[in-house]
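Just dropping this structure here.
Note that the chains take the letters A, B, C, D, E and F in the order they are written out, and that residue 1 is the start of every chain.
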Amino acid sequence: MWEMVLAGLFAPPILFFVLGMVSVFVKSDLHIPPAMGTAMVIFLMASIGITGGAAAIESLKADPALIGVIVAIALLAMFLGPFFAFMTGTLFKKFMRTADAWACAGHYGAVSSATVALGVALASEAQAANPAAQIFAGWMPAVYPFMDSSALIAAIVLGRMALINEQGGGEKADIKKVLHLTVFGMGVWVLVTALFIGMLSAVYSPGELSRALLFFDGMFRGIICLFMLEMGLAAAKQIGALKELGKHAVKALLYAFALPQVWGLVGILGAYAIHLAMPGKLFWGDAFVFATLAGGCSFVTAPAAMRANMPEANPSVYLPMAVALTFPFNVLIGMPMWMIVSQILWGAA
Amino acid sequence: MWEMVLAGLFAPPILFFVLGMVSVFVKSDLHIPPAMGTAMVIFLMASIGITGGAAAIESLKADPALIGVIVAIALLAMFLGPFFAFMTGTLFKKFMRTADAWACAGHYGAVSSATVALGVALASEAQAANPAAQIFAGWMPAVYPFMDSSALIAAIVLGRMALINEQGGGEKADIKKVLHLTVFGMGVWVLVTALFIGMLSAVYSPGELSRALLFFDGMFRGIICLFMLEMGLAAAKQIGALKELGKHAVKALLYAFALPQVWGLVGILGAYAIHLAMPGKLFWGDAFVFATLAGGCSFVTAPAAMRANMPEANPSVYLPMAVALTFPFNVLIGMPMWMIVSQILWGAA
Amino acid sequence: MWEMVLAGLFAPPILFFVLGMVSVFVKSDLHIPPAMGTAMVIFLMASIGITGGAAAIESLKADPALIGVIVAIALLAMFLGPFFAFMTGTLFKKFMRTADAWACAGHYGAVSSATVALGVALASEAQAANPAAQIFAGWMPAVYPFMDSSALIAAIVLGRMALINEQGGGEKADIKKVLHLTVFGMGVWVLVTALFIGMLSAVYSPGELSRALLFFDGMFRGIICLFMLEMGLAAAKQIGALKELGKHAVKALLYAFALPQVWGLVGILGAYAIHLAMPGKLFWGDAFVFATLAGGCSFVTAPAAMRANMPEANPSVYLPMAVALTFPFNVLIGMPMWMIVSQILWGAA
Amino acid sequence: MELIAAKKVIIITEALMEQQVLSLLKAQGAEAYTVIRNLTGQGVRGVRSGQCLAGFCENVRIELIVKEEAQAKALMEAVYNKFLAEKYAGIAYLEDVRILHHGKI
Amino acid sequence: MELIAAKKVIIITEALMEQQVLSLLKAQGAEAYTVIRNLTGQGVRGVRSGQCLAGFCENVRIELIVKEEAQAKALMEAVYNKFLAEKYAGIAYLEDVRILHHGKI
Amino acid sequence: MELIAAKKVIIITEALMEQQVLSLLKAQGAEAYTVIRNLTGQGVRGVRSGQCLAGFCENVRIELIVKEEAQAKALMEAVYNKFLAEKYAGIAYLEDVRILHHGKI
């Protein structure tokens, strides 16, 4: 197993992430043009979506009862999002300003698309390295919006209520706008619609789809490297902002490290419970990707949602916590751990 | 046949186009960075060019008499461009301002590179799905500039003459500049020179070329998806501008729908006539791609040419007609129809 | 052999370079968005690095004694850089202003990443076309920073000393900053770190690496085409600036043509000497790529280093010499020649 | 041709707020404006370096030329009160300009 | 060091017209200018949102500092008459500035 | 709300110099500024067309609003002496503005 962890830690995407971080420390002028960053996000989300959609149809054809598992996972996601947000907010408000605590709650409840993308990359690699076994079916990222929207809405509603209690006034949360932002925000939107594209094509145009998938699959394993390079740059650039956390820095650091690990494990256990109830339909790769949905800390949708709906919260608290602490820790510690735990539960380790 | 139409309509590029349009309707913040858009255009045109050039050499080696067909098609293109422009202008000036009518004439006479790119993608897919049959030889887009330049020059000359008759004065058309714009404008220029690159490499450096083609072919089928996504966004964004058409909206809409269908069919019939005269050298995929040259409504070169040479015309008339009406209609209705008609004529349906 | 030269000259990347130059002459509006240019540089350097790192580990596993050759080549590079700079400066100051002469010295001593990238592409193609023979092992670009940094530092120190002698004052060279600029500047930095990524992955995560390499190798041969297109545009755009060379234009032109040829040959001879000392470890493709390191004239790092450290020098002298004269000449004349000479020395022609 | 004295209002604020600020300005009667994106900067609310993801730390600059000082001030105050006073980074200032008259203000 | 009073002419117009406007300005004797691209905006000739293909709905901003008001006005009028009066979207205005003297105007 | 008279310093110079100019300005006490990148232009030191590799021929525009004319002048002179006088392309000028007071200058 030790070898597998090493293989994971020295996989090209992880090393490119480290390269990105080091580039900032040594003050290299390496930078990813924003257009290139956006292009990579669009590609990755489209690729995850279309591949997942095609996989879903294939799996459903083989076993129509899978739909029950998918619904169960979606419901679980919809419950876990707000649950994570509530727990995070409750824990954080003990040492943070109310607004900051609930803004962080939204981030830790919501989904991080970069984390999911890396999770999918690792699960797909595991599947590719071992084609005989059933490891990862690809449809899992489809439940993304269920967890994401519900978590952000919960955090904002709870946060605004807390602020009203505290200050007796302030903004009103615009739930409709938050829902819109999370469902129609670039990342989720491309993922979900590409999922439908994959499903529709798989049914009506399988020949064309299979040729398109050659492109998406082949590119994915390379683009994820360059994307992780960008993430490494972004993470390291936010480290400086951590000093704004001031005297609570140590506490914030501990939570930023520990919480996602727990949320990820809760995700795995939830998936495992569904697996026990409806056996033979979920595999360790699926559980692992669900852990990356649960354990990731959003840093694209959540910051935008919070800046608009909790302007009282300080972006210099939540941005660096999500980008500079939780994401690197998840990449380097959380994901290997979630992978091992999933494998152990499914008896694959 | 119904199945084939379904397979065409649910092919990934078409679905990505629809996704792009829907993204605008639901106000998603999905956007393609301009640099990514330009990169995709350069790639697609280079890919069509280099592949077409290599294919042309191969076909010409197998049958040197093919050159007669290529010349005939080029002459046909050079005749059809101005013919389409003249007919469009004559029809449109009955209900539009003179300047607007002739500006539109240029757009409908000229070639739409996005339409051709999609046409090449669909023809190549058909060829790939059925490698035994001869469907599409790849050199057809080479005649692009013949149709494009002649159409734009005709529309501008006719339009300026009409305006002089009407107002007794105004700008003089700068034919040399128009020719320059259409031949050396990014899209056509890359296509045509990449065509020469493909031909030269095919003769002198076939090994290197075959390896480069692996890249261009493999990428093409994926990039066309993301490119169509951008086209969908662009199309839907122009829909709002349609209201500027005012009371002529219905007429404009009908023409925007009907004209290109006719021009496309005229193109197919022209190709078919050449096929009858010199049998065995043109295939249904070639005719279909020629239809996409004839039936497309330019929305890159033509707007630029018209803004410079017919400033009296209102861009809010021709841009949305080309982008928001004709292009989507061509993608969803025209292209399947042209494909079926070509197949029927060539006895392949 | 004549056929091989033709195959080289009509290889797609070279033709795309010519296309780029012609585009400027015919005033096409073709342009590469800066974001796309940066993306291509990052990709190419990462690709050269990761492929080279993997190749290095493989070669070292097969023959651990190769390390001696690598060290010898690195030392040679570290000596040749300053040597080229010193010679260039000494030659140029006879007809140029002191500051300009030493600024040029840095450019001709330092390494041009575009030249190296094209060299790697050509060597890899030769290897791919002839898999049985040993031609190019891939680790050669690793010595890039040794030649680059030492050349730039030498040129700046010598140049500043010359200016102090002349004017009795002026700036002091900031050697630490120059070293930083050359080692941590985007290109070299990505190349070198990707090299480590390739090495680490090759040892600990070979499965993942081999799948990532599929992407990098497949893309490389296509991206190099589009990159050379950009280089062609850049080269031709600088031609106009050549007139600033004034009455020394002819001399500058002759040197810009001749010097790099000599430096490239010196590089090949150096590699050959090492080959004689430690036979069977270096191949003609390695020598050829070392020639592209030696003979290239830097136009990214060197201009930036000189603008900051020799502001007295006129960028309109060194930029067009590097980009508009030496680079095209190297692509069209130098590289075929270096290739032939390497092949002759290694008995492969 | 005649040059008409007018006031140019300039608002620099967080890129994320562009749409909301423009909406407010339109609601206040502004019909013409120009927007420059992708700015960076520094102010009392920290460095905005353009280095966060998703344009989060970029600024945007909106300029509007209006005829009357009163209207200019009203626009600035509306934006200030709703956005800049407490919640979002940004500044608003005013310059005297003279514009070629052709019905633009 | 001395600050010299000068006039800054600002022209905002369609991105497609950049080269032509610059040519005209140079023909009128302008030798120095600065260009900012990729602007969006709104004016009497509609929204220019940057969302059309090929930069068709973007604006460009050209600024020129010249010494004399007369020259400034001449430049503005030339551009106005040839481009902005009827055919193309755009505005031209003028500001007072003081520039560090070093032969730049 | 009150508008306070202030001075806006504008520096246009080579894109490569952005960091160094900003460092100097900060060393001179400037705490707030806005930067616009990717400008092109022409001046006595030739055309800066944005067409060289690596942003070599692009300009950058830095603007700073400060309260006192003296401080504005000091900033301009510092930049002028160190960068613009001889070695690097660029200009520096000054405008009168009135800024909404909220502790920004």
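Here is the rule we use: contacts are C-beta pairs under 8 Å (C-beta built on N, C-alpha and C of every residue); 3 or more make two chains touch, one makes a residue touch a chain.
Since we're looking at a predicted model, the values are computed, not measured.
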What chains touch subunit C and also subunit D?
-> A, F
Pick same or different for copies subunit E and subunit F, depending on whether their interface residues overlap by over half.
-> different
Computing the C-alpha centre of each chain, which chain sits at the greatest distance from subunit A?
-> E
Considering only mean CA positions as chain centres, point out the chain farthest from subunit C.
-> D
Just give me the whole-number Å value for how far the CA centre of subunit A lies from that of subunit D.
-> 36
Computed distance of Cα centres, subunit B from subunit A, in Å | 41
Subunit B to subunit F, mean C-alpha position gap in Å, rounds to 47
If you look at subunit B, which of its residues touch at least two other chains?
-> 33-36, 39, 218-219
Of all the residues in subunit E, which ones touch at least 2 other chains?
-> 36, 38, 95-96
What chain-chain pairs meet the touch criterion?
-> A-B, A-C, A-D, B-C, B-E, C-F, D-E, D-F, E-F
Subunit D-touching residues of subunit F, taken from the complex the two chains share | 1, 3, 6, 8, 31-38, 65, 95-100, 102-104
Taking the complex as given, what residues does subunit C use to touch subunit F?
-> 34, 37, 234, 237-238, 299-300, 303-304, 307-308, 311-312, 315-316, 319, 323
In the complex, subunit E touches subunit D at residues 10, 12, 36, 38-44, 59, 61, 73, 76-77, 80, 84-85, 91-96
Contact set on subunit C toward subunit A in their complex = 33-36, 38-39, 42-43, 46, 50, 180, 184-186, 189-190, 193-194, 196-197, 200-201, 203-205, 207-209, 211-212, 214-216, 218-219
Interface with subunit B, subunit E side, in the complex: residues 14, 16, 46, 49, 51-56, 86-88
